[in-house]
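These are the structures in question, set out in turn.
Next, two complexes with chain A in common: one pairs it with chain B, the other with chain C.
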Partner chain A sequence: MTDRMRAVRGHVVLVLVGLACVFPIYWMYATSLRRPNDVFETSLLPWPLSLASYGEAARELDVLGLLANTTLVAVAVAVGQLLVALLAAYAFAAYRFRGEKLLYLAMIGTWLVPFQVTMLPNYVLLYQLGLLNTLSGVVLPQLLSGVGVLLLRSHMRSIPAELLEAARMDGRGSWGTLWTVVVPVLRPALAALAILLFVTAWNEYFWPAMVLQRSGAVIQLGIRGFLGTEGVRWGPLMAASGLACLPVFALYLVLQRQVVSAFVRSGLR
Partner chain B sequence: MTRPSAPPHRRGPARPARVARLVGLLAAAAVSLTACGIGAPTTSGGTAFAPELAPDQKVDITFESYNLSQAGNWTDTFTELLGEFSREHPNITVKAQKPQGTSPNGVTNAVPSVQAQLATGNPPDVAQLTFGDLDFAAKALGAKPYDDLVGKPAVDAQFGGEHPYAPTAAALGNLDGKTYGMPFVFSTPVLYYNASLFTAAGLDPNRPPQTWAELKSDAQAIKARTGRDGSYVDCLTQVAGDWCYQALVRSNGGAMLSADRTKLAFADPGAVGAVAMAQDLVNSGASPKLSQAQAYPQFARGDMGMLLETSALQGTFQKGAAGKWDLRAAPMPSFDGRPTVPTNSGAALFVLSNDPAKQRAAWELVQFLTSDRAYTAISSKIGYLPLRTGLVDDPRYLQTWARNNPLLAPNLAQLARLEPAQALPGNDYSRIQDEMMGAVETVVYQGADPRTTMSAAQTNAQALMPTQR
Partner chain C sequence: MSRIRLSGLRKAYGDTVAVAGIDLDVADGEFLVLLGPSGCGKSTLLRMVAGLIAPTGGRVLVDDADVTDVAPRDRDLAMVFQSYALYPHLTVESNIGFPLRVRGERRAVVREKVAAVAAELGLTDLLRRRPKQLSGGQRQRVALGRALVREPGAFLMDEPLSNLDAKLRTTTRAGLTELHRRLRATVLYVTHDQVEAMTMADRVALLDGGRLAQVGTPAEVYDTPASTFVAGFLGAPPMNLLDVAAVVGAHGVRASAAGLDLALPDDGAGQVSPEGSRRALVLGVRPEHLVVRPPGAADAPFRGRVLAVENLGSEELARCVLGDADDGPVVTVRGARPLGLAAGDHVGLAVDPARVHLFDPDSGRRLERRPGSSTPSSPTPSSPTTPTSPAVEPGLHGDRPLARSLP
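Now for the complex of A and B:
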């Protein structure tokens, strides 16, 4: 009985925590579905329903274009970070060379340096490269992920040395060993990391806000257009935010089993 | 949104504002380090007037405006106006951009954005900055006085014309006797009130409060008889900035600065009295303890009796009130019958370019954006207050629009008594403002003693003032 009570209590707490997590998302969609004159209402159920805020958001923002740009940036950043992390982690895990530890610590150290410290030098560098106000300018300084190198190196170190030795004896070079032995073994960790990097890049707001000064840029900056001195336009703001969440929700729904499996098997929980 | 609202002042969440400030500080440091190289602003003393452009002389300029940060009518109207300008001046190409930065409020990003671009040696040629930034823009960002760019007669002519600037508005961008910022858009503090709640509370909706004492008793009546909050004065927090607080202080005989702008005066009796009055509104239950972000949606929902606010939010209130409650506007209340001294929120246009041809092109753009035609579009499509007040009486321009928007009247009427909000001096001007408004917030919403708190804040802030001017 006591155990049962404890289990019930635990589930009640979990349900409450779950509701607290889901409620802001529910409120976002609820507000987006209210009529324009009802956006300040605080009733739990939006009624009557209206798609006017979605229409307003679509009229004033090129939502599809912004989502396409955001996808491009997020995929480029995630793929770039994954490739750089894979190659760097492989070098650090498989080779011993002079300055290895120092180089590794320097790379990991970039994870510990606050972004605010590096943003202005990065900004000036982008200006000198002529990449301000471009999507490339958003992607380029983000191509190294210190945490990605750290995680993949740890995973690679857990690969039995005999496996790599066997590959070498089979006549595979470093490049072949990486792609035909290491990558297949690391697939769960790579999948989990790729999802993590993609979602982080998708939600990135700070750096695009520094680099991009044009309207048709990424969805996060487009959404900001509904916030301003003249007050917050909650209806279209929530509608655009709801639309911006959909690709990540869809990704999660479609890949739900693989995502959970990847995180469990990779230890990235 | 084609509502009669008016312009901008600093508003927005505190954290992004701090981040924006951090960006600004870092950029300022970089500007200092490169002061002898690229990006260092030149002094305007002794500069010849920017030469007229030859008809076939091609010039590219950059125009940075926080209005372009906001989707909808704001961006659309400016895009339309800039299109018209390009057709009128085919030799001048204007690249319009919004300020970069992380604050959701473009106004907060405006100065840090210019600073970051100065660090690259490539600031915008024309920037829309707030009046509170005037001193910093002139002395640290390298804004050029129009008097030096095109001569004082040309500046005076721009303030004149068929529908001249309101005399009080024309001086808002002046510093040390020169026009550094061409006044562009602004508001005065307006008392919006919910006439439906007045009626429900047994008050006369046609007689809004004239004095702070009347506001207090009306607010208490609303609270007691309807259960809704009575009033909120959106001038008393760090987030609100100081433009509206200055109106309270000056209406009570106080000031921000000494006449020579070297000593802070925000612990003088006039200021302390204004803060004490606001504290009494909260302590007596006439005003709730709310943040700005909580207060204005509550008013828009119809759950608050009165709100002293910039007319920049008028469109939001009209949307909230439509078909539900009766929104009305009145002038700001006075201290026991003394005439009020409204101050202004808002922004001016600054020329930052060092290149004579770009300076002349910038002047052409500034003239266009402050013309009768531009104000007609800006007021009717965005809702800003027209600084050329005669436009509201001219059937060719804004007469119909003004007749359809009675909420505009108190704001226009207050222009006659307008005094410029003081731009605090020095590189630490925003920290001085934070120190002052932080103390005001502590007094009003946390019950601290007005005199000692404001005195302590003044002592701290005085240390941030420039030592030699």
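Now for the complex of A and C:
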């Protein structure tokens, strides 16, 4: 087979996979833009367009309030995880100390333990601390991201030791070196991880549902309201879901360059 | 500028000793090169001086102040790294100014000093660029600038030229020497490249397995190597080292091996050691000190056969196997081209006896000629270092000294 044919075949496969990924998202927006009576239409183009479903969703849900809450939770979780991962990874990458390996494995281990195992102990703990029904109750148990520590540590280890030594010679302490050398050098990796953590936190459904125990807290719980016992109301459900996706898309657009370069570079290392 | 003194400096990782108790004095304004093969502990030693590695034992003194437990930033030493270690996210200007900004210098002062250093190193047009937009030589100069801008007490350099191509290395070497001459800076310079050591150093400190093998001027370490290690490390190709038997005969001491029968200058050995006594020695001759003679010439104590001739342009190298067997000892001869030899030729080789070096085969230490002295020879006292191995008394016979009889 010639190189050209191989390339064409590869691209056909990529296009098919790409379409399969994009189609559900397209269908969500397409459905949300149909008139309320047309939601079960199967035509590819939603025509005529209508914003009625968005209106319905906005009437029944405090969409902005929910989005704000969700953003708050997701940002708090992502920033918290990033900060903890950064400091932990720095310690693991730059220092040798007794019990280092054990502690590192324990941190990575949290990533391997299924959520269902920690869910009840965490819930009981939050109850005892009086943090049920609070946003901090949602955020607090999620502050350690094992995968974040793992990723950042391996990225930090790829920073040449001489760079850190140069910073020490130039007069920076550990703390100063972290913020003026390590963080700027790791910016692409941090951006990629930030997106990953933010999206994961944003899409979190079950844990907020457990801790908050009411629908009016985060957008994912609000959307649940459209899955009623008398049937699913697809129009407003898709409209609210479409709105819930927007912040994630926006964040990706802003950080896209760093994310792509981080993934490309991590492939080269 | 500062004076650096190391006293019993030692570093061990578990049972592995990287640096084994080093005493060394780098004078104010001196360019001292730490030379040795990879893994000899020279970089570890430099990092201990810098404060980047904590020593297991011993002390580091800068201008007589003990800085062993002082943080790197407070030692008043600047370092240039092998990889240059430039901050990739900063421009050339910010890279050079980094140590000043960290120390809280005012912005205007930083800009002024950076501009001055950049002008000195020819970096003025590159100040806005980032490291990845620079060539290797330019990066090297930025790294140097970052060290210069601090006006430190001394410079520590860790193989700063090893990432440059051969031509650039030669010009940068000259540039560094010139800079050192102008600033009269104290420089402790690590390299495995003997050409750098020989051309740049005021003094060379050779390291072998974490120990100092010899310290001296480039001429001293080349002309009077203190051990077989030094003799075999310096010079390209290195000194020919042959295992020989020294035999005391009626007409003095002769060194013999396959294809070799060399009279060692007689200064009364026969009177000290009884005739017929033997002793194993290592005989060293630099390739350039061997002179080609016709085979069988009376003044040619070496005789052998040419294995191969290499053309170096201005010179030729001939590898010759001594004696009649194919697996005899091999020596290299170096001389102006043409040597007049071809592979397979039989050849005689002569040497000025004063150019012959003798070493103890067990300790590897140099045996020094002490005419008229009755004391046993000891390892070369040409270095201020402590002997790295117990001095083996090189007697020809029992406890009788060979010293009086050997060159």
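General remarks:
Just so we're on the same page, the second predicted complex is superposed on the first by the 255 of 269 C-alpha atoms of A that agree within 3 Å, B and C clash if a C-alpha of one lies under 4 Å from a C-alpha of the other, contacts with A are read in each partner's own complex, and residues count from 1 in each chain.
Here, a contact is a pair of C-beta atoms (placed from the backbone, for glycine too) under 8 Å apart; a residue touches a chain by one contact, two chains touch by 3 or more.
This structure is a prediction, so every number in the text was calculated from the model and none was measured.
When both complexes are superposed on chain A, chain B and chain C fit side by side without a clash. By the touch criterion stated above, A:60 is placed in contact with chain B alone, chain C being left untouched.
By the touch criterion stated above, A:184 is placed in contact with chain C alone, chain B being left untouched.
Touch criterion met: A:205 reaches chain B, while chain C stays clear of it.
Using the contact criterion defined above for the overlaid structures, shared-chain residue A:213 touches chain B, although it does not reach chain C. Once the two complexes are laid over each other on the shared chain, residue contacts for A:226 go to chain B alone; chain C is not touched.
Chain A has more of its residues touched by B than by the other of chain B and chain C.
By the touch criterion stated above, A:37 is placed in contact with chain B alone, chain C being left untouched.
Once the two complexes are overlaid on the shared chain, A:116 sits against chain B while remaining clear of chain C. In the superposed three-chain arrangement, the CA centre of chain A forms the vertex of an angle with the CA centres of chain B and chain C, and that angle is 150 degrees when rounded to a multiple of 10. In the superposition on chain A, A:166 makes contact with chain C only, not with chain B. Taken over all C-alpha pairs, chain B and chain C come no nearer than 45 Å in the superposed arrangement.
Per the touch definition, chain A reaches chain B in the complex via residues 36-37, 39-42, 60-61, 116, 119-120, 123-124, 127-128, 132-133, 205-206, 209-215, 222, 224-234, 236. Of all residues in chain C, those touching chain A in their complex are 47, 50-52, 71-73, 77-79, 81-83, 85-90, 98-99, 102-103, 146, 150.
Taken in their complex, chain A has these residues touching chain C: 160, 162-163, 165-173, 176, 181, 184-185, 187. The touching residues of chain B, when paired with chain A in their complex, are 1, 5, 7-9, 11-12, 19, 22-23, 26-27, 30, 64, 66, 68-72, 74-75, 97-102, 104-107, 113, 116, 119-120, 122, 296-297, 300-301, 312-313, 315-316, 319-320, 322-324, 383.
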